[in-house]
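Right, I'll just put the structure down here and ask away after.
By written order: A, B, C, D, E and F. Residues from 1 in each chain.
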Amino acid sequence: MSLIQVINPNTSLAMTETIGAAARAVAAPGTEILAVCPTHGVESIEGHFDEAIAAIGVLEQVKRGKAQGVSGHIIACFGDPGLLAARELASGPVIGIAEAAMHTATLMATRFSIVTTLPRTLVIARHLLQQYGFTHHCAALHAIDLPVLALEDGSGVAQEKVRQRCMQAKREDGSGAIVLGCGGMATLAQDLTKELGMPVIDGVSAAVKMVESLVALGFGTSKHGDLDYPLEKPLSGAFQHLN
Amino acid sequence: MSLIQVINPNTSLAMTETIGAAARAVAAPGTEILAVCPTHGVESIEGHFDEAIAAIGVLEQVKRGKAQGVSGHIIACFGDPGLLAARELASGPVIGIAEAAMHTATLMATRFSIVTTLPRTLVIARHLLQQYGFTHHCAALHAIDLPVLALEDGSGVAQEKVRQRCMQAKREDGSGAIVLGCGGMATLAQDLTKELGMPVIDGVSAAVKMVESLVALGFGTSKHGDLDYPLEKPLSGAFQHLN
Amino acid sequence: MSLIQVINPNTSLAMTETIGAAARAVAAPGTEILAVCPTHGVESIEGHFDEAIAAIGVLEQVKRGKAQGVSGHIIACFGDPGLLAARELASGPVIGIAEAAMHTATLMATRFSIVTTLPRTLVIARHLLQQYGFTHHCAALHAIDLPVLALEDGSGVAQEKVRQRCMQAKREDGSGAIVLGCGGMATLAQDLTKELGMPVIDGVSAAVKMVESLVALGFGTSKHGDLDYPLEKPLSGAFQHLN
Amino acid sequence: MSLIQVINPNTSLAMTETIGAAARAVAAPGTEILAVCPTHGVESIEGHFDEAIAAIGVLEQVKRGKAQGVSGHIIACFGDPGLLAARELASGPVIGIAEAAMHTATLMATRFSIVTTLPRTLVIARHLLQQYGFTHHCAALHAIDLPVLALEDGSGVAQEKVRQRCMQAKREDGSGAIVLGCGGMATLAQDLTKELGMPVIDGVSAAVKMVESLVALGFGTSKHGDLDYPLEKPLSGAFQHLN
Amino acid sequence: MSLIQVINPNTSLAMTETIGAAARAVAAPGTEILAVCPTHGVESIEGHFDEAIAAIGVLEQVKRGKAQGVSGHIIACFGDPGLLAARELASGPVIGIAEAAMHTATLMATRFSIVTTLPRTLVIARHLLQQYGFTHHCAALHAIDLPVLALEDGSGVAQEKVRQRCMQAKREDGSGAIVLGCGGMATLAQDLTKELGMPVIDGVSAAVKMVESLVALGFGTSKHGDLDYPLEKPLSGAFQHLN
Amino acid sequence: MSLIQVINPNTSLAMTETIGAAARAVAAPGTEILAVCPTHGVESIEGHFDEAIAAIGVLEQVKRGKAQGVSGHIIACFGDPGLLAARELASGPVIGIAEAAMHTATLMATRFSIVTTLPRTLVIARHLLQQYGFTHHCAALHAIDLPVLALEDGSGVAQEKVRQRCMQAKREDGSGAIVLGCGGMATLAQDLTKELGMPVIDGVSAAVKMVESLVALGFGTSKHGDLDYPLEKPLSGAFQHLN
């Protein structure tokens, strides 16, 4: 029995549910999904400030997950906030959903498109593309110009905008796959894949399979070199619980 | 029940066994491994000429595998010969072992080293790093300066050289993981991982988990765009069987 | 008397003629052109699968050319299929027409445009730009969206589409030269150069001058390092003739 | 009268003094330096985990500095933790000391070397080089293999190691300037510049001049686009004070 | 009292005035601006040929400035003509205005746009972006398609075109700052910054602050390595005065 | 009868002879070589300052060559000084010898080494590699640490140092070709090629074949776009003769 911790870095319980559902939908028989979110933080993540705060919540959850004996951790926000910090803390694998979706896309298509929420988050995606090595594999980035929580308002407006943008990407970008750029879009991928007739990738489900794979291979995060456990030093005040 | 075809692109039956064993060792309960190699071709692959010939064998096997109803295909030679051509031919996923090992390494470490066979194959690894986007994630490339088939001569000399080079890489490269650069090294990864205390990655096992993952996610190779099936055209003479 | 072998990697005799004519039109007085194509293979090359098959035909012809004492070899398909493999096999120079056209363009203009046939071949051009170092020298890639053989149907439709796209590239791309992205466009370059008042480059003729130049300088393919002759190993079955 | 806030992202008061002194030593007559550090956090920053925690302290201080009417902010840790998040929060300029030192180096030399503390921090420097565009301007990275706080132990051992490494860099790297890779090295730059006869750059003093310059030019952080103020959303629990 | 030499590399006295005024407007109390231009050369710089000639004038002025005891030098043409040559000649800092504007932009925004004069100068900006490391920080390049001297014809037409292009850049590019790509646009920056509500950067004023900063930090051009003084050798004929 | 102007950008008559001889040794029967050097300038080129002065001499000679009806121009100094400026001025092709040697090397080997004179010139080679796109094709750069004119002192010391460095490069770099980084080394290439058993490339002879090739193909420098003739403007004083 393997336990995978899926961390929604924002505090939206609705989105944590969405993400948990997407994770469970693809989990292997022997895998249990533990969908969590920070107690404190921001309701949605739409910039670097939000990410910095969310990163603390991610670290708290990774620490908690470790104590609970989870096999691996997923950071379920498209900016992968706190990814390398979480890798230092963890012994098992830690996967970000942007990372998972981008890697997965390159295994099926020579280039991919990204469809995300607000234009101000595009810079985050661009920096990740550069850091992961996929700048030249991304044909185009699109923003629907709606905030993250619009995906949880029940109206379906945001979902329809995502669909429209995906169809536009298919027509115009010359790419072979589409990456959905928000954890809140996780449940759309399967239907869009069918409707568009091309892979539309949700990072949450992709990350679940990556963690399962690494665990099956006997791999965690490398503790040789720069992702070794944080050097022990007293964490003061508000951060004592991270000691 | 899912069937994964592991294609050794050279004609060495011994190496096909080695590779098949490595694949089976990590296959999920529901996965059956079909380890095959071309009937005709080269005994080992140590350059672009060898790769060009092996690519035809890979395509033949992909075609055969499709007819047998396999879920996905693995190209088990570190140069990933014929990868994009095989993706055109296939409907399911196709994964190369260099691709699999490199991707996997970046999920556990900020940089990795490569240990391969002959120096003349380093250029192939360099080109793949560039194509996949991982040039800056590779800290160093090492060659043991023995041919591929030395790994199958039973003497253990090549294996010991691989081990020595891995230890050197650990001491000198400042990387967090090591990628084994030959299908014939597949069975060494687990022991070296333990001995060195850092991830030593074999692409065969990594590729098995990637194919399983893509299949579980409902993904094959994208048929929208430049990896669509080859345009139908008569294949003449020696290539008729690929029609 | 110098003999240059111009290999059309597809089996179209008409296109072999077109290419041979373009080569002869620029050959130096002392150069004889030997235009050949594989006996077996594909009629046109429009993807990676086609390229993998064509590469074998290229290698067969290089081997034959060597036996005939040719001074150098040209691979006359814009994807340069089998280029590095052919360089291993050859002692003289081997030049691909994409390589030739791209290099030549950078000697006359700070950036160039490419006009090719089907959109699905654009990825091949992009990979070559990256491998040769010219990604930043290419201002734009255009596809006329007609198959290669449309250039041989006698209607002139494809030729007119090429001309239209070249004029569009001149107006919009901000580039100083245009590279024709198919061996079958070879005979169009001279007229388009005149009509557009800017260099329109055919790789076949450019490659002829490159081979002549290398031969005159006393250079063949370097046999020191990774382009040395293929390691001797038995080629079995359908590949025995490549021994 | 202009007030510049120099934020030491760790909680070491000794280092805050060192940094404050280095800032004051170069401040223009009309500039007052406000050297601060977070109340809670880590004593030294030697990895991504430490950085994630320090980023919160940086944001708290930026918020406080804004309330105090400072003209600009400096993040005085070589990893520039929280830089883009702080830029969102601030209206004035925010400069990281790695950023300041690297930019400054390229104005005086074609390539520079970096000398920092622990090897595990090198990856952070490498990522910043990539993000800022200076990967090809950095000739070499060196680590003295001592923790940050060794610079504050009064023994002078760490300082001597820095000096030795700088001399080695001068002899071997072929670079024209050296960047000191830790806020705690700030006071060494001037003497080393004299002793070595080449620019040895401390980011703290460089950042002071950058903030002064931007303020004098009438510039703050751009509020058009992706560095606009964080979208207003309730910050819960431990983060309420950042509202 | 510090003297900064602002070199307009063309021979237009009107533009030298414009540039001098922009420099004086931001100079610190203790800084005196010496705005000069070559006696001989070209009236405006709109290509590589013009730049090659202007570079000689720049070197003459740097030599003269050194003799006059200036603290640093500014090359006030957006192509930074003769920058590295001037750095060899100078002991103090030498800053180009393209360099100054581009560096400054990256301190305030994640990406910037450039608005310049003639389309034929865009290649110069592109090469500088590449050399300085900012290719990926530039969102778009715009040309108003008017020659440099149109900025000095008194009609205001060119100025209005610059304004229009800046507004277009704001709407379309997704960048956070605009760089003005000509010394003759120096006086427009402040008003455009206000009107557009985003930083519009003139390189002349940015360069003044950079030279002041380097001087205050005690830095000149590095004389260790490849920017050391030119090797002494007789300069013949028309270049004797540069001895 | 075709006339190619080979411009030695320095004023050394001995080196002009060396270069002219190297050019004549490979010129086609119908080609006449006109080896020239500037009347005024520097005796050798070992930095950016020297290059700036030499560029004027290059332009003077290009203008003179045009008047004499030459078919094309070669800039025979490894920094390619004034290359793009000369291309604006010329109607025929203009080739730099660094450009020629680097392009030629990539046609014969997957990576090359460079052997040049003084370490301070390495930065120039690095910038050209970047501009031409060959950064990743260069395995290593070597300097013999002797000035350019040591190649003309008759002692053979510099020549022997070049030979030693080439042998070292062969042993250590893993490259397949060596590029000689100075016009004064032109006559060494042929013997070194024989002795080392790998291509050792002199840019002068390579450039002759490139100019011949472009002329034979009917190409000059593109006059569409940014290499169009310089805009007409009065050149004052010392530059009047360039009008």
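FYI, a contact is a pair of C-beta atoms (placed from the backbone, for glycine too) under 8 Å apart; a residue touches a chain by one contact, two chains touch by 3 or more.
Source: prediction; values computed, not measured.
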| item | value |
| --- | --- |
| Classification of the chain B:chain C interface as same or different, half of numbers criterion | same |
| Relative to chain B, chain with the most remote C-alpha centre | E |
| Selected interface, C-F versus D-F, where C-beta contact pairs are more numerous | C-F |
| Whole-Å gap separating chain C and chain D, where each centre is the average of the chain's CA atoms | 52 |
| Whole-Å separation of chain centres (CA-atom averages), chain A against chain D | 30 |
| Intercentroid distance (Cα basis), chain E paired with chain A, Å | 44 |
| Per-residue multi-chain contacts in chain C, two or more chains | 84, 87, 110-111, 119, 122-123, 130, 135-136, 174, 225-226 |
| Touch-based graph of the chains, sorted into line, ring, star, complete or other | other |
| Pairs of chains in contact (touch as defined earlier), listed by label | A-B, A-C, A-D, A-E, B-C, B-D, B-F, C-E, C-F, D-E, D-F, E-F |
| Contact footprint of chain F on chain D as seen in their complex | 110-111, 136, 174 |
| Complex contacts: residues of chain E adjacent to chain C | 119, 122-123, 130, 135 |
| Touch list for chain B against partner chain A, complex | 26, 28, 84, 93, 95, 99, 103-104, 106-111, 132-137, 170, 174-177, 190, 193, 196-199, 201, 205-206, 209-210, 212-214, 216-227 |
| Contacting residues of chain E [partner chain F, same complex] | 11, 39-44, 46-53, 55-56, 59, 82, 84-85, 87-89, 119-123, 127, 130-131, 147, 225-226, 228, 230-231, 233-239, 242 |
